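As structure tokens, here come the structures.
Okay, so subunit A shows up in both of these, paired with subunit B first and subunit C after.
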Partner chain A sequence: MVKKLITQDTRMFLTGNEVIAYAANAAQAEFMYGYPITPQNEIMHTWCKLLPKTEAGFLQTEDEISAGFSTIGGILAGKRAFTATAGPGNVIMQDAQSMAEMMRIPFVCAVMQRGGPSTATVIYAQQETRLTCFGGNGEGFRIVYSTAGHQDLYDYMIKSFNTAWKYRFPTFMLADGYQGKMREPVTLYDPASRGITMEPTPAALRAPGVIGVDREATHLRNTFNLEEELMERLDQYQVDYDAMSKEVEEYFEYKADDAEVLIIAHGIVARSAMTAVDELRAKGIKAGLFRPITIRPLAVEPLRNVVKRAKEILFTESANGQLAQMCLEKMYGLTTPYQTLFKMGVGVTGDDIVNKVESMVKKMASV
Partner chain B sequence: MITTLDVKPDLAKAQNADVGASKFCPGCGHGMILKTLAKSIDELELNERAVFGCDIGCSLLSWNYMNLDSVQTHHGRTTPVIYGVTRANPGTVGIAYMGDGGGLAIGAQHLVNAATRSENLLVIVANNTNYGMTGGQMSPTTMPGQKTETTPYGRDPEVTGRPAKAAELVAAIADPNKSYVARASVSNLRKLSTVFKKALTNVAQGGYSFVEVLSVCPLNWRTNNEATWDRLKTMEECFEVKEFLVKEGLE
Partner chain C sequence: MARTKIVLAGEGGQGVQSIAKILVEAGYEAGKEILYIPNFGVEQRGGVSVAFCQIADEKIGEPRFAKGDIIIALSDRAIQRCATYTSADSVVVYDSSVCATKPCVPCKDVIAVEANKIANEKLSARVFNIMILGVLLKATNVLKLDDIKNAMEIALGKKFDAKPELRELNYKALEMGMAMIDKVGV
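Our next item is the complex of A and B:
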């Protein structure tokens, strides 16, 4: 059992990467497997610095392939294990993530997005949205929380472990280099003080009992002989995924009730959008925000309801519409027009959004 | 009158009796290796501590061969899954079972780094000098002149290099104070059993073990019994069968 560092509410001024390490400890995570890649390194650094106090485990692996697969090994051994990665590391970790998806392994990973494709920048982007939701040669049986600040990083890192172990779908906390490197005030707390009980983490390998006496040997596999055998398995996964979605999906609305211009954004861009909404409202423009927190699965009904009410939509992302594509599919049949403000691999400021919305409103008025 | 012999097959406790008929091709070496491994585990009474992992390729057919907790992984990824287990649950006797492709090509970075760190597990590479499951392509251990689907005129070392020597490579980088490294052959199962028992004992003591087993693939080699055996003898000339690294005090 690891030692918890945070036993009472503690206000701290930390980088996001530090927050994630503290959150993992608060969630009683027992082991981290990781490989260096910017901008997630300080998660490992903080985790390692705290090891004498937490008595948790750490392994620096030879690459993200290994980090992903050894995390799976730790989880199968019954440990609340996790990893973190970014960019090209996220790409090569899809090998392990795909196995976790097939075998319903409660894989937990913090993704700190950087620019792409390829090596690109080490700084910031929202270009791993699609990859994190749908990477691998499968159907995207994954849960992805997109955070918008340091309190989110703390809350959703803790939540990711419980979601993964409760529903047995790989669970990701999707953030970015801005959140990882930036400092913000954050309240660290013991999850128990918020009524959060950590899900048990039973071992799949070397479970209690003697093989052949108390239990049969466990034989885990991800390969099937027949197409129908696979489909039957995946059909059940889809049923489980749909049932889970209703319990897990989360979203945040900001002044969206009477919004005529509805901004749809996730992650840190949603923070800029909130600033923009306030500025626009001060100018008499009824703007609002819909921010999916779970970007996979999406909260479809709330999304459709708020889109129906608006006169026009603005999708804005630090990517070329990766979230927008996912939303538009779920908005099929609705006729609300939309515009876009996409900056690939670059931050979106409040001013950017204000200017864009003002130009949209001008056009609306002139029509 | 027809009489049937009521003799049960000679199965190890560590073998899964429910697996039924062998899934491997007739004449395949995997069955010999796995049965020898199972009997070695029985003899050392490691059944409750063992976790068996298998790779992609023919080795994946062993996913339920053992009466041990087992996990079938991805191609080349058995080593990190198993050291992930043993890191998280010390005292586990982790076994990573793979072919020469999984060990020396797609999983080579894990082979090298697990050896360098001398992770606490036993890595077994069944070397049959080709990719069996995918239809007999050249592998890192294909011998000079050997015909495969991707070297139909024989492997030319000038073009595709010399065969990889796994045991020599691992012995050069593993920690001598923690490691046992050997190459054995299915031509001598008694010797293989001795090697496995040393390797498993070392892992049970917290060490790192690597065993390369020279094996046979008559289907892809397109060899009959006699030619299969001849090929194995040729392999034993190319790949030296011996112990390369034995931790001091390991019996």
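Our next item is the complex of A and C:
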């Protein structure tokens, strides 16, 4: 049993990477596997710095391929294990992540997005949105929470473990280099104080009891002989995924009820959008925000409802429309026009959004 | 809502992130809302290092802002890099004993300080960044000197205890930095 560091509400001034390490401990995570890559290194550093107090475990592997598979190994042994990565590391961890999808392993990973493609920048982006949702050679049977600041990092890191172990789909907390490196105040708490109980983490391999006498054999497959065998399995996964979706979908609306211009943004960009909404409202422009918190699965009904009510939509991202593509597919049949503000690998400021929405409103008025 | 947006930029190794950390720690301890993003490339030394700091009375939304209220540039490359963060309302401070060029950007005011030269001649090159922190403290006028001293204890207390003269040296640098700005809260 690991030792919990946070036993009462504690206000701290931390970087996001530090927050994630504290959150994993609060969730009673027992083991972290990882390989260094900026901007997520300090998750590992902090986790390791706390080890003498937490009595948890850590293994630095030879690369992200190994980190991903080692995490799976720890989980199969019944450990609440996790990993974290970013950028090219996220790319080469896809093999293990696909295996976790196929074998329904409660894999937990924090992704701190950096610029892409390839090495690009070590700073920030939202360019791993599609990769984190749909990477690997599969169908994206994954759950992805997109966070917007330090309180989110703490809340959703804890939640990711429970979601993964409850539904047995790999679960990701998608953040970015800004959130990892920036410092802002955050309240750390013991999950029990919020009525959160951690899901049990039974071992899949080497479970107690004699096979055939005390228990069935655990048969985790990632290889199939026949096409139909595979499809039968995946069809069932889809049924499970759809059933689970209604329970895990999360979204956040800000002044969206009467919004004429609706901004759709996720993660830290949604924070800039909130600043912009307030400024626009002060100028008499009815702007609002829809922020999907689970970007996979998306909260489709709420999204469609709010889009239907708006006169015009603005998608904004630090990527070239990776979230917009996912949303547009789910918005099929709706006729609300949309515009875009995409800055590939660069932060979107409140001013950027204000200027764009003002130009949209001007055009709407002149039509 | 009172929100001060600060851009602090210099060469990697000049101590830009170190003083940004002290500044935001001081703000946090003084009960302000804070958001600080360090921004740099893959180099261990060299390259432009930028700190985006926000100090506010209410909760801060956007992590990255478009235009700063105060921009401090400590090298020629930093001046170039920061041109995009200035507006007609910005005040730009630069170190004329380091930079060969004067910032030529749309802004309210340009202030030259000679912190590097004065630190070298009168104190020590090592407290150049603390002198800049003094400049920043007076120019922004949202935090008190005691807040900064308190945060310096948190960051450097152990070193100060081992060598008490370092505390005096750093305090002196802070005061000399503050003296370089004529008007409080430019």
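As a convention for this text, the second predicted complex is superposed on the first by the 359 of 367 C-alpha atoms of A that agree within 3 Å, B and C clash if a C-alpha of one lies under 4 Å from a C-alpha of the other, contacts with A are read in each partner's own complex, and residues count from 1 in each chain.
The working rule: a contact is a pair of C-beta atoms (placed from the backbone, for glycine too) under 8 Å apart; a residue touches a chain by one contact, two chains touch by 3 or more.
Being a predicted model, the structure only gives us computed values, none of them experimental.
Participant: Determine, under the contact definition given at the top, whether A:L59 touches first (subunit B), second (subunit C), both, or neither.
Facilitator: first
Participant: Report for A:A217: first if it touches subunit B alone, second if subunit C alone, otherwise both or neither.
Facilitator: In the superposition, A:A217 contacts subunit B only.
Participant: Who does A:A81 touch here: subunit B (first), subunit C (second), both, or neither?
Facilitator: Touch partner of A:A81: subunit B, not subunit C.
Participant: Give one of first, second, both or neither to describe whether A:Y22 is in contact with subunit B, with subunit C, with both, or with none.
Facilitator: In the superposition, A:Y22 contacts neither subunit B nor subunit C.
Participant: Can A:T38 be said to touch subunit B (first), subunit C (second), both, or neither?
Facilitator: After superposing on A, A:T38 lies in contact with subunit C but is clear of subunit B.
Participant: Looking only at subunit A, is it subunit B or subunit C that touches more of its residues?
Facilitator: B
Participant: Any idea which subunit A residues touch subunit B in the complex?
Facilitator: 30-31, 33, 57, 59, 61-63, 65-66, 69-74, 76-79, 81, 95-96, 98-99, 203-207, 210-212, 217-223
Participant: For subunit A, which residues count as touching subunit C in their complex?
Facilitator: Going through subunit A, the ones touching subunit C are 13, 38, 121-123, 149, 178-179, 181-185, 268, 271-272, 274-276, 278, 347-352.
Participant: For the complex, give me every residue of subunit C touching subunit A.
Facilitator: Interface residues on the subunit C side: 21, 24-25, 28, 33-42, 60-67.
Participant: Would you tell me which residues of subunit B are touching subunit A in their complex?
Facilitator: Per the touch definition, subunit B meets subunit A at residues 13, 16, 47-49, 51, 56, 60, 63-64, 66-74, 77, 80-89, 92, 109-110, 112-113.
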